[in-house]
Amino acid sequence: PAAELQKASLRLKWLPQAQFAGFYVAAAKGYYKAEGIDLTINPGGPNLLTENLVATGADTFGLSGGTDSVFAARDKGLPIVCIGVSHQITPFIFVARKDGPVKTIQDFKGKTVTTWFTGANHVLNGMLAKEGIKPDELKIQPQQVSVTPFVDGSVDVITATYYNEFYTIQSRMPKDSLKTFVAEDYGITFPRDTLIVAETTAKEKPELVKAFLRASLKGWKDAFSDPKGAVDTVMAAAPTLDRTQQEFMLTEVKRLMTAGAAAKNGMFWIDADAVKTAHDFFLKYGVISKPLDLAAAYDASFIQSVPVADRLP
Amino acid sequence: MQAARLPDPGPTIEAPQVHPKPEPLLELRAINKTFGSVAALSGLQANVAPGEFVTVVGPSGCGKSTLFNIVAGLEEPDAGGILRFEGKSCHAADLLGRVSFMPQRDLLFPWRNVVDNAILALEVEGMPREQARAKALKMLPEFGLAGFEKQYPNQLSGGMRQRVALMRTFLFERDLMLLDEPFGALDALTRAMMQRWLLDVWQKYRRTILFITHDVDEAIFLGDRVLVMTARPGSVKLEQIVDLPRPRRPEIVTSPEFVRLKRTLLDAIEEESMKSFQSSIAQEKSQ
Amino acid sequence: MSRALASPSLAVQRGILGAVLLIACWEGLARGLHLPAYVLPAVSDILVGLWSKRAILIDAAGYTLLEALVGYGLGCLIGIGLAVAIALVPALRSAIMPLATAINSVPVVGYSPLILLWFGIGVSSKIVMVAMAVSFTILLSMLAGLDRVDRRAVDLMKSFGAGRFGVLWRLRLPTALPLLLAGMRVSTVRSVIVAIVTEMLGAHGGLGWVIYQAVLQIDFVQVWSAIFVASAASLAFFGLIGFLERKILFWT
Amino acid sequence: MSGPAATSLSEAAAATRSITMPDSLRKLVRLLLGLAIAAVIWEGAVMLFGIRPYYLPRLSTILLAMAATPRAYVDGFLRTLAETLIGFASGGAFGVLMGIVFFRVRALREMIFPIFVVSQTIPVIAFGALVVLWFGNTLLAKAIIAFYLTFFPVTVNTLLGLETVDPKQVALMRSFGASNRQLLLRLQLPTALPQIFVALRLAASLSLVGAIVGEWFGDTTGLGVLLLQAMFTENVVAIWGALLAAALLGTGFYAVVAAVEQRLVFWSAEQ
Amino acid sequence: MQAARLPDPGPTIEAPQVHPKPEPLLELRAINKTFGSVAALSGLQANVAPGEFVTVVGPSGCGKSTLFNIVAGLEEPDAGGILRFEGKSCHAADLLGRVSFMPQRDLLFPWRNVVDNAILALEVEGMPREQARAKALKMLPEFGLAGFEKQYPNQLSGGMRQRVALMRTFLFERDLMLLDEPFGALDALTRAMMQRWLLDVWQKYRRTILFITHDVDEAIFLGDRVLVMTARPGSVKLEQIVDLPRPRRPEIVTSPEFVRLKRTLLDAIEEESMKSFQSSIAQEKSQ
């Protein structure tokens, strides 16, 4: 009965799009209700910090930036816990033109590289460090919204997500004219799109958290088994989206969510090793000020409460 | 008023002058007013008895409007001056709302039409708008404004604007009325009609009136007493009692008494006007 | 005049009193309710943070102010220019006004993709954005001021044989000044804010950039430090224009 | 009523009608014509100069895209309109009120006005999160941001308008024994009205900007959402669609405010 | 002017009247002007010869200022009227900048002090400011404004404002001068001084002057010819030639010719004023 439904909200890291299809599908199909949750999905936006909203209790759940932002939040004392990791591998790639001067990562030197300072910069720094390149050897610039400067050739290397900018770039220039640099090729993995809750929620309402994960996973499974339907559901929330792009996005997101350890352990798996590697990297480069208690920051118990079968797509 | 009823031709009393009784409505003693370096009034002294009609003449810029501003409660005189109203010593500000005042510039509100400008004071008093309008509409023909009730000030001629301002003052019924050149922009007949009308009102309701004019004929024709002011800094140079019988007919202006009074007044005014020009020229020379 | 000369000290005292009260409330609230920094940091913490990051903040403020001032100057020129053009050639009004309103109805940030595309990520794109925001305010104020003129005074000027330009220069501009200056005063704050917001969308430096990075690092003390600096700068700018206004409008 | 007067009256009425009707019609026609010309130039220029669509798409493409999902635009338009109206009304009212308060109480003005100025220097983006924190994703939250952008110019202009009242007129009202309230309602506010409207016209634009920016703090409907979504997926056609809708809303609202102004401030300026 | 030099006491010619020669400076024929439903002027007809001093009187609101606005080039008469200046038919707008015009309300600019208000027209003409100021400063004493050059309009009395406006007009030297009640706010002596001064200027420079006044004495004392206007809608009711010798001394006002002229004019004006009040009352009644 409706009266027993527990109110809760999920704050996304961005506006409705296929990147979050599973949550929308779960909500549309009533999976949250079935678990006793009356869930509101709140979109994110620029300059909205999901960690902050969850920490202050404005939202119950959050799909936040990634391991990097969870570390930063914990480092600053925000009482949040990560209960699942969505993208198991780095969603960013660095794109150059095949016919351009950049053939290897060594060629980044002296070139103009644009990136986002919302996390992608750490990936770039990591890759450069692995190759022994100092950041001041190239021109790193904040990346603006448009990919046009890259397409026009005024920028040599641009940062892209697999599921969004990479699509836009491909719609402007053929895929085979592009050269991509993938973080994992340089031994770097920054899992992103982390699900978070406030410490108090984790402590006081573990059942709610588990129920939320169960319903969400069901939604994601449905989304992957019926991508067209999932895109329909997303586009009902945001009708002006470009369908082809959303379908592309869903395919890419599926790849990211089921990569690495998730292939075996299922979606939203917290890969302790990957987290530890990322943590050590951030510590080394001073992004966080002191070592963090990883067990407290990443609580895998909730996702583990769901049977593996239900976690696999 | 008693003094004005003396039997003999106009006694000319140099100010200061004392009215033993009745108790004056308004009493001014040693009034000074300076604006920065300009002394507008200096040692001004005057009484106005209840029901009296006093006209004020004087050279341009001598401080007549300043005097009115003080009596209307809009400016405080410099410290030291004494102001008494209805027998009680008071500040100028205490007179706000107790005298009806018509300023020299019409100051009509451009967003109000003729009727609504006229009823401004009534509205301030709290009379319902419709009632006030009805009252004003009835008066329009007397002011030669019938048919113009819906016009806005920028659609009126100079004289019409002045009549609207005058009407606004009349509708604000107070014992003491201050009129600053109310008929300045009117033609001879309209002026004569308004004068007669004003005398009617005055006699019927026995309001006390202080009236600034530049027209000596008008000053004599209307007044019980004419105050002639000195050149700036202004004070009262001469209080001329006008002992012509009332009601006064227009023809009176040619009567010998009238002409004699006029001569006396003109002489006094000319002397002062001359001074004000000479001082002005002297000042110029000295620079 | 005398009021303007006599009261500043009292006015300043009261202004300081107001600021002190506000800061006291803020401090009390933050400390009393033990608000965490990510909700609202205490003023004392902010000031400490401000001092420790002063070098960065001063640099950033200089950068932002440069953009704001140049954009402001440009915006004023454009706004005044357009208003004057409309005053001289009334037919232009129906062409310029709807366009200006339409352009101004979209938040500056809406244009950022285009502007960043056209003017790059450096200083010039910020200047363009500030100029756009400022010029509309100025245009409206100036135009209203020019229109406010007494028709009979215009007639008088015409009877002296004054042409459109003569009427504009000797009558309409002085009449428009009070409104223009009020518009300029309001625009000071807006110019700084637009510069900051644009910086947040992509820049090499400036207070907006500092704020943006601080938000990402969840360093709210630094966010507020930067905001304090921005406020101080705008307040000074606002005060300067207010001072000029009092100097110029001696007759009101 | 006498015959001639009646006929002349009805004649006058007929005359004004026959003048004003085609007049407003002609205005409308001219407006539509202007729009049509602009549209043709746009369309023609894009085709003629082969402007690449991500710099400037064809108008027809944009309109077709809008027509494909009309609900999204209509809903967004209405939602943004509601936020704009609430923000405008509250900001306008508060602005005028504070203008009056500051005019009346000099001490308050000197204490609080600088704080107003400071408040305006805080980028919305910095405290937008706070607003979401307190008010969630409600209409109110967006309206508050619209309000925040709106009230300040109104306060400044109200204050300015009130201060330009002719002291002689104040003196006149005082001589009628007018109370402060009467002075305000009958003289000072009417005198300040033209100035206040300048700010209100500005506020009409600013409140829309506030509403749109407010929608960027995690919302589901509104022109701001459409704009943001389009911006970050680099859907240029959708960007222009959202821009056009916002421009339409903004110019329309501005025109309404300007029309109200023409009704209320009908007298020509004079001292 | 020839007509004015006729030997016999004031011939009263009903308008329209024809001046055979010299060629008139200004010629008005069948001038109409309506504001919405108010007809201000209707079929007005008048000539002004070069160097002539014509005074205009008429009931308040009859269209005198409207007439001046047309001659100053500020309003176009309704279609059908004929306007000729210096022998050439022209539009009202062609007269802009060719006549010096003093409006009924002073229209001083609040941001300019006395001197700078006075030199406004000179500045418009392109005279360097310093030169213009020097010229104006020399005239200040004649206008009784010496020592006030640095004052702003809000610091002046009503009469002083009017004198500044008058000075501004005089500094704008044009063949035809239009003065709309220039001495309305002045006291008798200042007025007399200004009148004499005006006559001096007129005789020295032979400027043509059109002069509105409500003071019939003034109209006769100054004018070669007095135009009496009808009640609204205004037209010329009477053109009274004033054949008093010049220079005229102040005492002339008591001469029998003067008094006779005054009687004629007053009768004409009263008749018209009466009409304007009656029509106003009739209109009221009919509603």
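Every chain is named by a letter (A, B, C, D and E) in the order it is written, and numbering of its residues begins at 1.
Going forward, contacts are C-beta pairs under 8 Å (C-beta built on N, C-alpha and C of every residue); 3 or more make two chains touch, one makes a residue touch a chain.
Protein identities per chain, from UniProt: B, E = ABC transporter ATP-binding protein; C = ABC transporter permease subunit; D = ABC transporter permease.
Bear in mind the structure is a predicted one, so any value in this text is a computation, not a measurement.
Q: Can you name the chains that touch chain A as well as chain C?
A: D
Q: What shortest step count links chain B and chain D (ABC transporter permease) in the network of chain contacts?
A: 1
Q: Most remote chain relative to chain E, going by C-alpha centroids?
A: Following the centroid criterion, the farthest chain would be A.
Q: Looking only at C-beta pairs that count as contacts, which pair of chains has more of them, C-D or A-D?
A: Greater number of contacting C-beta pairs: C-D.
Q: Rounded to the nearest whole Å, what is the centre-to-centre distance of chain A and chain D (ABC transporter permease), using the mean of the C-alpha atoms as each centre?
A: Result: the chain centres lie 40 Å from each other.
Q: Using Cα averages as centroids, what's the distance between chain A and chain B in whole Å?
A: From the centre of chain A to the centre of chain B is 86 Å.
Q: Whole-Å distance, chain B centre to chain C centre, using C-alpha means?
A: 51
Q: Taking each chain's centre as the mean of its CA atoms, how far is chain B from chain E in angstrom?
A: Here the centre of chain E sits 28 Å away from the centre of chain B.
Q: Check each residue of chain E and list the ones that touch at least two other chains.
A: In chain E, 105, 110, 154 touch at least two other chains.
Q: Among the residues of chain A, pick out those that touch two or more other chains and give their numbers.
A: 47, 49, 52, 56, 145-146, 148
Q: Give the residues of chain D (ABC transporter permease) that touch two or more other chains, as numbers and ranges in rising order.
A: Counting only residues that touch two or more other chains, chain D (ABC transporter permease) contributes 125, 133, 231, 234, 268-271.
Q: Give every residue of chain C touching chain E within the complex, in rising order.
A: 150, 152-153, 155-162, 166, 170-171, 174, 250-252
Q: Residues of chain D (ABC transporter permease) touching chain A in their complex?
A: Contacts found on chain D (ABC transporter permease): 54, 65, 69, 71-73, 125, 128-129, 132-133, 136-137, 216-220, 225-226, 228-235, 238, 241.
Q: Which chain B residues qualify as touching chain E in the complex?
A: For this pair, the touching residues of chain B are 35, 38, 57-61, 64-65, 104-105, 140-141, 144-147, 155-160, 163, 181, 184-191, 193, 214-216, 266, 269-270, 273-274, 276-277, 280-281, 283-284, 287.
Q: Under the definition above, what is the set of chain A residues touching chain C in their complex?
A: Listed in rising order, the residues of chain A that touch chain C are 47, 49, 51-52, 55-56, 69, 72-73, 75-78, 117-118, 141-146, 148-149.
Q: Taking the complex as given, what residues does chain E use to touch chain C?
A: 69, 72-74, 96-101, 103, 105, 107, 109-111, 120-121, 123-125, 152, 154, 172
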